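Right after this note come the structures.
Same chain, two partners: chain A is paired with chain B first, then with chain C.
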Partner chain A sequence: MEFDPGLLANQVVWGVMVGISYSLLAMSFSLIFATSNTINFAIGEFAMLAAYLCFTALSKLPVGFVGAALVSMVGIAGFAMLLERIAFRRLYDLDPILILIGTIGVSSIVKNLVLIIWGPYSMSFPRYFPVEPVMLGPVLIIPQNVVVVSVGLVAMICFHLFMTRTRLGTAMRATAQNIRGATLVGINPRLCVNLSWGLGAMMAGIAGVMIAFTYNISVDMGGASGLKGFTSAILGGFGNLPASMAGGVVLGIVENASAEVFSHEYKDVVAFTVIVLILLFKPSGLFARSGGARRI
Partner chain B sequence: MSGSSEVRAGPGPRARMLLHVGLIAALLLVPVLFHEHLFLLRLFVQMFLGATVLMGFLVILGFSKQFSLAQVAIYGIGAYIAANLTATLGVSFVPAMLISGLVAGLVGALIAIPGARFVGPWLALVTFAFAEIVRILMARLKPLTGGAVGFRNIPRPEIFGYRFTGEADYYYLFLAMALLAYFVTLRFRNSPQGRIALAIGDNPDIAASLGVNVFRHRIFAFFIGSMLAGFAGAAFAAYATYISPESFGLAHTIHYLTMLVVGGLESIPGALLAVIFFTFSHNQLMALHPWDLILDGFIILLFMNVMPRGLGGLASDLWHRRSGKRPEIKAEAAS
Partner chain C sequence: MKALLCKLTAAVLLSVGLASTAAAQAQEPIRFGVSTAVSGDAASYGKPFLDAIQYVADEFNKTGGIMGRKVQVIYYDDRGVPDQGLQASKKLVFDDKVHVLQPGSTSGVILSSMPVGKDGKVAMWGYGLSKQWLVESEGAIFRSASPDQVMVSGLANFAHAQRKLRRVGILHIDNFYGESTRDLFKTSFEAAGDNAKVIAIATASDGTRDFSSQLLTLSRAKLDGLVIIVTGSNFGPAFRQARQFLGKDVVLMADTQMADPKTRAEIQELAVGAFYASSPMTPLNPDPVAQRWVGELRKKFGIYQEIMGRAVVGMTVMKEAIERAKSTDSVAIMKEVHKMRNFATPAGPFTYDPRDGEALKTGVVIEATGGSDPTKDKVVFTSRSSDPVYKERIDYTRIFGAGYREQLYKLHGVN
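Take a look at the complex of A and B:
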């Protein structure tokens, strides 16, 4: 195979784009893990469910794109908060393995209900923005993807501002650091944990809609994207939000570059090999100081 | 160590012995009495297969608290190794099964190495990733696995010149395997190794501070559990004579996890009860396909919330109430 730098550059650009959605998923993982100590295997399914909700809102409701996105975000956040309230709140003192199995159970429920409701065929979103590629030197840019990436970036920035600049965000960070301490200064940790599930699901939902716009939606997108989000979170440094963000972009680039160098068929194998290698050699993540306190 | 993590419940050693002998005798008689009910024998074979895989899972996940999601993948590796050995290389069944079990055990020990260094959830990721890689490779490595369409024409077993023909032959093979798995698990549970594994599961730091080599014990538990899965895979390949990646997907992992939660993560009798119940119910629910996985999910959530120690925990509570002994309360970790 001949090496083509232009092609590689394209893969890198594409990788950054996909990486942004991985970053959002990674942030979702990190947030829920930090506040409730739950490794949530259902995040990928949250993303998928949000994408399907958005799809249905677009086709059934007279709301336009922004309205549909809002409907699906509120829907997925409400679903996650309800789930946390009903099924997970009582479990945090139990064996973490049990909680993990619980989230796998949730992902199984969501995935198969979606399969029953929307059917097994993948569907593509209607086009809202131009999709004809524009050439910038050797690099190929699709305008729709630029919009999608900007939305993702704006969501990340808003999230970061919310966590650092608002009282509620600060309370959630405090809960993540030390539940007992947070309770002592008058924070309601249950509310914060519940909100973090909602907010986390919303981030995942944004990622899901982004993925749905750039590729299309299918029942299987949850498992793969969930795992990619996980990998990014670990790659960056679990529970550390900015690092998880960087991890997502790195994974996106590595994955797409490797698809160019090896073969497209083994793209997922590369992602999973990355998990194993990172856990073996740098378990604290690429961008987080090891042994540091958990911060979000 | 932080006290025995499970209350010793149930009948005394003599009654246990009688119970074991009685059950085994009854199981040995089943094909004699019901040799015309092929459907029933098939159900029993599935039950023994499930029990073998689940016992291995129990050792890894329940006793030593290593969250593996690779049990089904390792079971699949065992099946493909045995298929290659018997169909392609012409090895006879017994050595093929032994080799499959050993290799599966070693693979398990190998993936335990990165996980054993870290706490719980990370291992779930490593093993999940590993299971995905295995699944992708099963569908892609055509010369070894037959690709997505599967591996066909796996020869039926022949043990010391005796050719397997009917369902009853397989019944005894799978019964023997399930009993082996059961006694290995029981022995492991009650051996110093197993008690150390449980202590590590309760609190690895305390165990380590008492001089236990946590790393080595975790890997040993993984080896035992994976070896049982490998045996089960080899037997399954010889039974089905056809295997495909379908049989080793995430859906099966979810079935086994459901059984573990329902049985209670640390209870051997609980796990066996769960296997019996779910083999029968899944057989009925298979026609409703995606609904069985949805049901699994709800059962997991229900048991977690209502009965987190599962049927095993319930049985032990009932026993203590009946015999008037108060169970020793498990020490809560202060966190």
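Take a look at the complex of A and C:
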């Protein structure tokens, strides 16, 4: 097949769009890991649950899409904080592998609960934007996706501002970097860890609603999304928020560009091969310093 | 005298014992084993399929069961994964000792599970079979649906002759179904001549929901039609994205997935103008048998999906065969299936063709005129075949004995 630079440019633009949702999920992984040392494999299911909550709120409550999204964010954050308080706070002294297995158990429980409550059928959000594509030079743009990606970017900026410009955010960053030091200066680390679960779930929830809005909602959306988020976090730098954010976008670009250069069929294979190479040659991630402090 | 009394007592006890064993056997339910997907991507059709099987079994039981015996459905979740389907079929055949087996929710699952039914000597039926399984089954299984060959080649002929499409692309998933359907469409479409060509093919991993990279490539190929071969809960995203990336001028074509009301609720008015290949088991079929089952299933579940019709066909044909055989022996049951002619089903008359093992060789092409409501669609093309749809012929010798094939051919008047 002959090389088409316009098509490759398209693939890169779309890679960035897809990558924004990976970034949000990767940030969720990193935030929870940084504060509680927990690799939470239920993140994908948090995203899925938030999408279902949003869909249900939209169809049952007179709140509109923004209201429904807010309801689902509050719901998923509350669920994650409750989960941390009831189940995981007791486990932090155990081997991290056991905690990881616990999160896999939670993901399975959430998935089955969703299956019981909402059933196995996929559903989709109503469309609010035109379907027809728009050509910006050689680049094909779909208006709905631009809006969805913009919401994701705004969420990331708000999150960054919260973490860097507010006292609570600073306290959470301090807890992530040095829990003993944070305690000595009067920070309540338990509260910060609990909040980080809530905020992390909220980031995953925004990603879940974005994915559901772009594609559809199904019980199995969490597994694949969670895996991509986890991969992005590793690619950027696990436990480091800006690096994880960048990791998601890079993964999206690598996936789409490799699909064009090699084969669509193997785009996941190429993406995961990149991860293997990263783990072999730069295990701290592409954008994090080796041995550097956790940075949220 | 004492010895005679002893012998008489023993004989009486023995006959009472035998009688009670026979009675117990008569009371034993006829077990239908089902391996299907009630979770995972395939659950969107695996679950309604199971619901319909259980409904039909209940209906049988209300009218005396089969040969006076209750019908019991035992199922396991195979998630559409071949390895899990294999485990499910092993459990059903060897632990639960089912009399009848439906060995999987997808063609891939049936490929791995069907040998279990053959080894365990259980009569089998399936809806997701392909020619290999029918040929390799040596007559031990029947299909309760129209073959893809008839439906897909019907769609290709329709696209060529009626819609005058000449530059078609295919978006398909990388599993057995996706690849075989791709090949079927391509062969039929290009064989129609007039420079008709499948000019672009894009493959996606089974389970993916993001088809952007594939559709970007396809959008550069100046297509006049696109065939979407994606199954389960990922069909909706694929269809929606295809509309978004290719615009409304490209004719979208798909398979029976588009007859599913849940799928249609998902893609809504985007469906309008698309065409899909289907078996005749849709609410659009005016046949009274089809209307009766569609009505009953819709009343019970609030929805009718084409896959439910496939369950009805499988269960009713199996019941008929068991009653004709007056036995649960797999060979006796399958012999009755092989003899069957014009047995009324929601898919039309079931007439077994001993050459290729197919019994329902009618397909339709439907135009999605109804938006989110498939009952308002329109049948625009019908394809039927009385010829074998494969070159290969089923060899019945190992299971049914030498000369059996000739008997069947004679019975059905085929060569």
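Everything that follows uses one rule, which is that the second predicted complex is superposed on the first by the 293 of 296 C-alpha atoms of A that agree within 3 Å, B and C clash if a C-alpha of one lies under 4 Å from a C-alpha of the other, contacts with A are read in each partner's own complex, and residues count from 1 in each chain.
Here, contacts are C-beta pairs under 8 Å (C-beta built on N, C-alpha and C of every residue); 3 or more make two chains touch, one makes a residue touch a chain.
This one's a predicted model, so the numbers in the text were calculated from it and none came from an experiment.
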(request) Assess the superposed three-chain arrangement around chain A: do chain B and chain C clash, or do they fit? (result) clash
(message) Contact-wise, after the overlay, does A:Glu255 reach chain B, chain C, both or neither (first, second, both, neither)?
(response) second
(request) Pick one for A:Met123: touches chain B only (first), chain C only (second), both, or neither. (result) second
(request) Examine A:Ser218 and indicate which partner it touches, taking first as chain B and second as chain C; both and neither are also allowed. (result) second
(request) Once the structures are superposed on A, label A:Leu140 by its partner contacts, choosing first (chain B), second (chain C), both or neither. (result) second
(request) Tell me which partner A:Ile275 touches in the superposition: chain B (first), chain C (second), both or neither. (result) first
(message) Looking at A:Leu115, would you say it contacts chain B, chain C, both, or neither? Reply first, second, both or neither.
(response) both
(request) With the two complexes superposed on chain A, say which partner A:Val131 touches: chain B (first), chain C (second), both, or neither. (result) second
(request) Give one of first, second, both or neither to describe whether A:Leu91 is in contact with chain B, with chain C, with both, or with none. (result) first
(request) Examine A:Leu7 and indicate which partner it touches, taking first as chain B and second as chain C; both and neither are also allowed. (result) second
(message) When the complexes are fitted on the C-alpha atoms of A, one of 2-10, 110-118, 146-154 or 254-262 in chain B overlaps chain C. Which is it?
(response) 146-154
(message) Just to be sure I follow: which residues of chain A are touched by chain B in one complex and then by chain C in the other one?
(response) 112, 115, 265, 268
(request) Would you tell me which residues of chain A are touching chain C in their complex? (result) 4, 6-7, 10-11, 14, 17-18, 112, 115, 119-124, 127, 131-133, 140, 142, 144, 211, 214-216, 218-221, 224, 255-256, 259-260, 263-265, 267-268
(request) Flag every residue of chain A that touches chain B in the complex, lowest number first. (result) 39, 41, 87, 90-91, 93-102, 104-109, 111-113, 115-116, 223, 227, 230-231, 234, 265-266, 268-269, 271-273, 275-276, 279-280, 283
(message) With touch defined as at the start, can you tell me which chain B residues reach chain A in the complex?
(response) 61, 65, 67, 114-115, 117-118, 120-122, 124-126, 128-130, 132-133, 136-137, 140, 250, 254, 257-258, 260-261, 265, 290-291, 293-294, 296-301, 304-305, 308, 332
(request) Please name which positions on chain C make contact with chain A in the complex. (result) 38-41, 43-44, 46-47, 174, 202-205, 207-210, 212-214, 216-217, 219-220, 233, 236-237, 240-241, 243-245, 247-248, 262, 265-268, 270
